[in-house]
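Next up: some structures, all given as C-alpha cells.
Here subunit A shows up in two complexes: once beside subunit B, once beside subunit C.
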Partner chain A sequence: MVIIKIIKLSKDLVIGAWSLIKGLVITLKNCFIPAITLQYPAQKQPMTDRFRGLVDLHPEKCIICYQCVKICPVACLAIAHKQENNKKVISEFKYNMELCCFCGMCQQVCPTSAIYMNKIYEISVYDRDKTHINLLNPGKYIEWLNTSIK
Partner chain B sequence: MNTSQTKDICTEEFLINMGPQHPSTHGVLSLELKLDGEMIRDCTAHIGYLHRSMEKLAENRTYTQFIPYTDRLDYVASMNNNMGYVMAVEKLLNLEISDRAKYIRVIAAELNRIASHLIAIGTFAQDLGAFATPLFYCFREREKIIDIFDQICGNRLTYNYMRIGGVQFDLPKGIDEKIKKFIKYMRSKVDDYDWLLTYNTIFLARSKHIGLLPKDLAINYSVSGPNLRASGVKWDLRKDEPYLVYEKLEFDIPVGENGDSWDRYKVRLEEIRQSLKIVEQALGALPEGDPTVKIGRIHKPSPSEIYLRTENPRGELGFFIISDGSAYPYRLKIRSPSFSNLAVLPELVKGLKIADIVCILGSLDILMGETDR
Partner chain C sequence: MLMMLIAGIAVLAFISASAMFLIWWERKVSAHIQSRFGPMRVGWHGVLQPIADAVKLLLKEDIRPAEADKLVWWLAPFFAVVPPVMAFAAIPFGKSLIPKDLNVGILYIMAISSVCVIGIFMAGWGSNNKYSLLGGMRSAAQIVSYEIPMILSMITVVMHANSLSMQKIVEAQSRHWNILHPNMLLAALVYTIAATAEVNRAPFDIPEAESELVAGFHTEYSGMKFAMFFIGEYTNLFIIAAISTTLFFGGWHGPFLPPVVWFLSKTYLCIFIWMWVRWTFPRARVDQLMAFAWKVLTPIAFVNLAITGWLLLK
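Here is the complex of A and B:
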C-alpha cells in the first residue's frame, strides 16, 4: 500500500512539475518581447480616422434640417433657429455631453457634414455645467485640448 | 474529538450573500447561498441590478435609433448584438443586403467572438487562481482585435457598426493585411494557452468534473452556445440554421464530452480556432461592391411579427419584434443567452464546495448586461 501511495505521489509530482515548467516556458517567452504598454499621460495613442470623440460643428455648413436632432437616440442635441431676411439662421445649438452615447449617427445622417465628431477623448470634467456645450461657440474645446484634467 | 461529542453539536444552515459587488460574479449579480459548512445546499440568483429597461426603451425609439442600445446588451460582443438586431429588422422589412456587407458582417462578428471568448478564458483562469498572467495575455490579444475595430468603425467597445441594410463604413484600406497578420499571430497564441492552461495540473484539478451539466438538463433549461455544446449537443445556429454566408464557409463545431467546467473552457478555446478559420476564408472570398448604406431615419414595416435568432458568443440571441405599421416597434422582446445560462446555475452548484461556484460561474461565462437588459 505504501509503495503504491509513493508511486502515485511521485507521479503527481512529476506531472505537476512538468506543467509548471510548461507554464514558465510561456512566461519566459513573454519576457523577451518588446513592451506594448504606453506610459499614458506622457505617451498618447493616436486616434484613428473614424474615431468618435466629442460632437463638433461647422456652423457655416449647417442648413438647419434638424436631421441630427431627430436621429439622436438620447436627445442630447438641441437646435433653435430664427428667420432673418427670409433665411434660416441658427440661434442656438446645444450639445449635452452628459447624455451623449457617442453612437455617431448624427454625423452619418448630416447631409452637409456640418456636424462631426472630433478626436478629443479625455472628456472628464469636475463641473457638471461644463458638460452642457454650446456648439456655436468657436472656442468651446480649447480648454479640453490643452489639459488632461479640467 | 470523539463521536459522542460531535453528535451534540447543533449545526444550522448559514445564509450568505455573494455579490453584488463580488469580483467573481462577473458583474452585478447577487447569489444567495445556503451553506452547510462549506457545502452549498441551495443557491438563488438575484438579478436586476443592471436593469435598464431596454425592451421598453425600444418601444419609444425608431428602428434605427435602437441600434446603439443593442451595443449595451452584451457589451463584450457588441458586433454580434448589432448584427442580430439589424438582421431581425431586415427580415421585418424584407430587405436584401449586398454580398460584401454580408461578408463584412461575418468578419466583424467572428472577430468579436474571438475577443469575447478571450475574455471568457482569461477571467475563468483568473477565477481559478491563475492570478494575472492568462488574463493579461488574453487582454493583450483582445487589444489587437479592438484596434482593428477602432479602425473599422471608430470605437473600441460600443461599435454601432451595423446599419439596417448594410454596414456603416466599408473596410478601410490596409485592414485586410492587418487582420491576416492577426490571424497568424493569434494561432500561435492559442497554442500557447494550450500549453499554459489546458493541461495544467492545478487547472485540471479545479475544473475537471466540476459543475457537470448533462445533455437533457441543458436542453430542458434551454442553455445555448458553448455551454450546450460542451454537454455534447451539436447545435450551432451557424450550421443548423445558416444565416448570412455561413453555409459557404467551412468550419467545425467543437463539442465537449462530459459537460464539466473544463469542457466548457475547451470548447471556447476550440471555437477561437474555428473563428480564425472563418475570418480567413471570409477575407479571402470578400467580393467587390458597396456595403455601405445611407442611414434611414425612419423605417415603416408592414404590420407583422418576426423572430430571428443568431449565434452569439454566449449562445442564442433572439429578437422578437411586433410591428404595428408605425415607425416604432410595438413590442421588442430580446431572448438573451446569458439569462438561460444563468438559470441552470442552482442545479449545478448543489452539493459542491463554495470555491467551486466561482469556477462554475466563470465557465458559464454569463454577462449581466444582457441578463438584465
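Here is the complex of A and C:
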C-alpha cells in the first residue's frame, strides 16, 4: 500500500513539474511577442466599417427631401432651402452634435446617401458652440480629424 | 570607521536604487508576459515611474486605524526594512567588495532575514484588522515552515565549502559552480522554492492574497509606511537572489568582466527567474502550501543532505 502511494505521489510530482515547465515556456514565449496594447493617443485603433461616428454630408448629393429631418428621433438636424431658377438650393444644414444619439437613422433613410456617419469618435469639445455644426462647411471636422483618425 | 560609514552609505544608496529598478522591472516583465507595455509615460519606457510613485507615496496622507496598536503598528515597517538591509553586510559583491566578511556569513544572513517575519506579524497584529491579522499569521506559519528546507539546502553548500563565510563559499567555486553537482542542483531547486515562500512571492503569496485578504498584512498602511514594506519586499528579493548566486552560481567568479558585474548580472538573472515564476503560476492554497513544505520539500532536503554527506565521506 505504501509503495503504491509513493508511486502515485512521485507520478503526480513528475506530471505537476512538467506542467509547471510548460507554463513557464508559454509565458517566456509571450515575453518576446510584440505587445497587443495600443499606445492610445499616439496609436489608434482603426474603426470598423459600420462604426457610427459624427453625422457628415455630401452637399452635392443632397436632394433636400427632408427625410433625415423627419426621421431623426432627437431632432438634431435642421435644413433650410431657397428657390433659385425654379430649383431648390440648400442654404443651411445644421447638425446639433450635443443632441445626436448616433442611431444612424438619417443615414438609413437618405435616398441618395448624401448624409452619412463618419469614423470620428473623439468628439468632446471645450466650447459648447462647437457642438452646433454647419454641415455645409467643408472644413467642419478638420479640428477633429487632426487629433483623430482619418 | 570612515570606511564602514562609506560602505553603509553605499549599501543604502544601492538598496534604494535597486528597489526602484526592480519595481520598474517587475512591472515591465509582468506586462510583457501579458502582452502589454507596462509603464511607458514617465521617461524612456517608463524608467522614471518608480520615482513618480515614490513622490506620490511621500505626499500621501498617513492614515492610522483608530483601534490600531499604535507602537506596534508604527514600528512594523521598520522591522520589515531593516533586516534585509542588515543582510547586505555579508553579501560578497566582489573579491574585496563585501561590507564585512563574517566568518559565519551565511548563518548571519539566515538569522537576520528570519527577523523579517516579526515585522510582518507586527503589521498584522498592530493594524487590528482581521485581514491583516490573518495575513500576518499566514506569513509567520509559512516563513517558519519554509526556513527548514531552505537552511537544509544551504547546509549542503556549506558542507562542500567547509566554511560558513560567504567569501570562502565563493572561493570554493573557483573551478566550477556548485550548481554543476547533481546534489547541488537539487539543493538549488529546493532553495529556489523555499526562498520564493520566504519572500512571500507568488505562487506562495498567501500572506497578501488579494482575493482573500485584500492586501494581507499591509492592508491598513498607506503612504511612506506602505512604501517601506515595498522596499523591504524588493530588498529581500535581491537578498535571496544574491544568496543563490553566491551559493550555487559561483558568486562573483566569471571571465573577462569585473567580478561585481558578474555578480550583479547573475543576481538580476536570478531575480528575473523569480519574476517569471511569479507571473506564470497561480497562487497555492494555504493547506497545499504547508503540506508541500513539510511533506515534500523537507524530506527531499533531508535526503539530499544525507546524499551529500555520503558523497563527501566516500
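Descriptive notes on the structure:
Keep in mind that, in the parts below, the second predicted complex is superposed on the first by the 111 of 150 C-alpha atoms of A that agree within 3 Å, B and C clash if a C-alpha of one lies under 4 Å from a C-alpha of the other, contacts with A are read in each partner's own complex, and residues count from 1 in each chain.
Methods note: contacts are C-beta pairs under 8 Å (C-beta built on N, C-alpha and C of every residue); 3 or more make two chains touch, one makes a residue touch a chain.
For clarity, every value in this text was computed on a predicted model and none was experimentally measured.
In the superposition on chain A, A:V109 makes contact with subunit B only, while subunit C stays out of contact range. In the superposed model, A:V14 lies in contact with neither subunit B nor subunit C. Once the two structures are overlaid, the count of subunit A residues touched is higher for B than for its counterpart among subunit B and subunit C.
Look at A:G23: by the touch rule set out above, it reaches both subunit B and subunit C.
By the document's definition of touching, of the two partners only subunit C reaches A:Q39; subunit B does not.
With both structures placed on the common chain, the touch criterion links A:C31 to subunit C but leaves subunit B unconnected.
Applying the stated touch rule to the two superposed structures, the overlap between the subunit B and subunit C interfaces on subunit A comprises residues 23, 26-27, 30, 36. Of all residues in subunit B, only 61, 64-69, 71, 133, 137, 140, 143, 150-155, 158, 160, 168-169, 172, 192, 195-196, 199-202, 295, 297 touch subunit A in the complex they form.
The residues of subunit A lying in touch with subunit B in their complex are 12, 15-16, 19, 22-23, 25-27, 29-30, 36, 48-52, 67, 70-73, 101-105, 108-109, 117. Within the complex, the subunit A residues that touch subunit C are 13, 20, 23-24, 26-28, 30-33, 35-37, 39. Within the complex formed with subunit A, the subunit C residues making contact are 29, 31-37, 40, 276-277, 279-281, 296.
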